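Input: structures, listed below.
In what follows, subunit A forms one complex with subunit B and a second complex with subunit C.
Coming up: the complex of A and B.
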């Protein structure tokens, strides 16, 4: 398909500007001026509409396809929250208004949403306070790691390390490193959970904290979680909860009650805001009493008369982690989603996410290797090891699914499982959709046994076949004009 | 009890599925969560219908300022968004896709991001772009971290004209790291060459500047680039993308990394986000750049296609050795910007920049005529400018709000001591009538407080 730049025709316009109603000003001195126009395309409005319509048709999406991408929680995103986020009075609100004198009067509704959202998240997770500033899950991790650093600095603790299991999301060690820590990786046992003996050995006085996903990336809830919390707290380490998998345990347990000190929530996962092809998301961070003083500013506080204002007066705060108050339009969507579902609806999210995942696991057991043969939470992990002996790898099975109109599961993650295939059906998919997926996986396994060569041609039904990723790196081309 | 409306399972389905799994109740699937791990409380409100939630949020939206005439900017501007953009971007194929890990079924997002990268390169006259970062502030922080990786030094000179919001963020992020900061105040509104030169040495990793800066001043940083390069330091410039329809580009100045806030490229103000952080740089530094990058390649049949490339820099491969921890960024916002820049086109961006510049100059002219008010003119400006008032700016702005005008941003919030100063921003949406009403009201307010 042509690029928009290749559709450019000299002199064509796609934008109408108001006629100038002011005098023409004296131009800037030449040294400040760009002499040449940027090489943007010259296309009409209809060209733009058709171009992006055509592009959109070259995407899989939750709206169009089953999307059992493990760890990413690709559930249905309710449409009414889109209407709310785009509403006049919210979408057009300038972020500096509340920083003007008495400016908080101009944004009482917006501050109420932020305040109430914080309260709701506290009750859902068992934490004392939340910052809504972090703009994505990994950004929340970084915020948490920065608060952990501030805590130890204030206590004059000499801490160097953050621990993460080998099953952790790649963002955990990356976030810890960027906050200035070195990471220690703890291996998993054959049952897929953290090796406690190895943890015991790693837990020195120099350990600042540990980052855990619970349930973990193998879809398993760690029964030793309170033991781990005791061990980490004994060296004055802090417990970080990676909330990527919070959608498995709503109403069943709360990280704040389990001994965790800090967590982030991916609003775009558990609270169903659209992923947008890779963001925007939002990653609010909750803290227990130990980390309260270090929360980023500003914070929304409630006056005695019930009105809200921004408060910057927290001397031990780590400062600003985002320019303003977080990805507000994402927060509005998640807020509305929580209000609509309510207490029972939220609990049902986890009930049915876990039910659907266990159903997939039960039906595909015996078809593919199941490294952890036990009840799973919201996702299950299979291995294509048996098929790979025949030359059919997890990635080949993934490409087979694309031709069936199904977005592949996550492959090659978690790293602790060879040829991993991580399946998260989510609670919004029907049994009929899931049954069809299961049938496709069975057919794929069957084909892998009969005709492994066939897989190399998949996918066949997409606008493109498999891309040459080596060439993409070798003959690097990331800019049409370069 | 009825199920939440987004769950598809019927009672029959649940029964069948439990049978296949071999348990009696859904509760049995949660046996790993032992009783002592149960929630101490889960006291949330009862669910509501869609209509009730819509009305509730609509009520809250009504408690925010409506019909306020905006002259507040600070890097975030009230531009018109063509109707095509919300219409196209709300297509579920863009909205509800994930990061394009499977390129064969994600060519729409991938090609749109490649076009975004190319448009940003065209706009800034830089060689390469990534596929977006969270916002303008985090992009600037990431650029600084990138410069430290490029030359392995640890001193950073920051121009005082760089947004104080960004500077605060950079300080927060680096509190636990070993980085030496030197902040240099502006001279006559622009970057202070003498001071920057004084602090530049062979330990300096980068000089960070902004154009136009927080006071609105337009600058040509070519000389600072030469100075910095002579010492082996990089120059990072934060830019306002709409201004680049008129003002000299970072590419022309020889800047090494340019970043900026892309909100003005077709995104709503959204009370602070989601926004769009962009980053463009020279080809030689691409392997040190954070964030996802889309590259062109061919498929097995030799057809052109697009993939996420240079992934060995990223956290899902490199973990603690990655160039950044970023995973989810703001792809959808980048696609919006690609649409906006396509609509504007090469002439539209020039015309838009010219119109905004003329309106801002007209506002300067009128405001400058009010007795006791001085428009700072030491440096040229584009769409925003600094005004000194005969009264405290906070009180003036407060009084103007009661007349339906957000008159500007008082600088004392971030520059203690500058109590009489504010910045005033103008966009293409402000009419001559608006500007004249503003000047009249300001004159009136100054006479009364």
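Coming up: the complex of A and C.
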């Protein structure tokens, strides 16, 4: 398929303007003018429509296909939230309005949404306050790690390390490092959860905190979580909850009650806002009492008369972490989703997410190796070790699924499982869809035993079959004109 | 999986050979096979002091990023800069052309915490 630049025909335009009947303005001073015009494609409106329609048809998305990508919670994004987020009274607001004198009176509805969203998230997670500013999960992690650093600085604690398990999302150690900490990695037990003896050895007075998901990355609930919280708090470390797996416990247990001090939520996972193309996401961060003074500004507060305004008067705040109030339109969608489902609905979300994952696990057990053979939460992890002895690796099984119209599961993560295949069906899929997926996986295992060579050709149905991943990393070039 | 007889090994799948107080460090066949096609390596700085089992380098493949730990304490005296442009040497020739760094070691006593070839072979079998 040609790029839009390759469809350019010199002089072609998608608009026609009438002759100017007013005098020309004085030209800009030369110092303000580019030496040459930017290179833009010259195309007609129909060219543009066909180009992007063709691209959208090639998109592999939740709207078109089952998407059991583990750790990503690719649930269906209901359309009513799109309608609400597009309402002119929300979509057309200028973000500076509440910062102008008396301007907040013009945006009371929007401020109320931000305020109430914070209250709802506190209720759901058991925390005392939230910032809605961070623009993604990893951005939330960094915000949390910076608040942990601010807490220890204020207490004059000398802290150097953040602990993370070896099954952690790669963003955990990365966020800790950017916030100025060194990471200590704790190995997992054969059960797939943190090794408590190794944690005990690593916990010194220099430990600032620990970053964990619960359920853990292997989709398993950590039964020692309260013990871990006690151990970490004993050295005045803080407990960070990575909300990536919140879908598993929604409405059933609250990280704040488990002893965590700070967490982020991926609204684009748990609260069903679009993931598309890497964003825009949202990673609100919740804190318990210890970290409240350090929350980013601005914060929305309620006046005695019930109206809302922005407050910047938090001298210990870590400051802004994003412009304005975060991805407002994403927050609106998640707010609407929470209100529609309500308390009972949110419980059903996690119930069905966990049930679906356990159904997949039970039916594929015996077909693929199951490294952690225990009731799972919202996702299950298999290994393609048995198939790989025959030359068929997790990546090959993933490519097979593409030809079946199914997005591959996550492969090679978590790192602690060789040939890992991590499957998260989510609560929004029907039994028929999940059964079809299971059948495809059984067929794949069968084919791997009979004809491993066949896998090298998959996928056959895509515009590009197997991109050169090594070249893509080594010689990355996204500029068509280079 | 190829395991070379006269080398020492770590549980994290590094190998080390010692010659006249200088340790040459690399990753094992098992490590490169598990990681898949390696696309990038971050080498240590020459003169950097490393402690045994602390981070020496990091390696990225199409699957994941992994740290490489130093099997012994000492000072980095040379790095294999060939790997910057040809990280695939780690896949193609992990025990020879794909060596990562040379470390001037203080003493050979720390080798007691490493595995010999036979022990490493047994360890690999236990991972199956």
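Methods note: the second predicted complex is superposed on the first by the 465 of 482 C-alpha atoms of A that agree within 3 Å, B and C clash if a C-alpha of one lies under 4 Å from a C-alpha of the other, contacts with A are read in each partner's own complex, and residues count from 1 in each chain.
We take it that contacts are C-beta pairs under 8 Å (C-beta built on N, C-alpha and C of every residue); 3 or more make two chains touch, one makes a residue touch a chain.
Computed from a prediction, not measured in an experiment: that's the story for all the values here.
Of the two partner chains, subunit B is the only one that A:463 touches; subunit C does not reach it. Of the two partner chains placed by superposition, only subunit B is touched by A:34; subunit C is not.
Shared-chain residue A:170: touches subunit B and subunit C both. Once chain A of one complex is fitted onto chain A of the other, the partner contacts of A:285 are absent, as it touches neither subunit B nor subunit C. In the superposed pair of complexes, A:418 makes contact with subunit C only, with no contact to subunit B. The partner that reaches more residues of subunit A, of the two candidates subunit B and subunit C, is B. By the touch criterion defined above, A:121 reaches neither subunit B nor subunit C.
Residue contacts after overlaying the shared chain place A:429 against subunit B, while subunit C stays out of touching range. Of the residues of subunit A, those at positions 170, 413, 469, 473 touch subunit B in one of the two structures and subunit C in the other.
The residues of subunit A lying in touch with subunit C in their complex are 170, 411-413, 415, 418, 469-470, 473-474. Residues of subunit C touching subunit A in their complex: 34, 36-37, 39-40, 60, 62-66, 87-88, 127.
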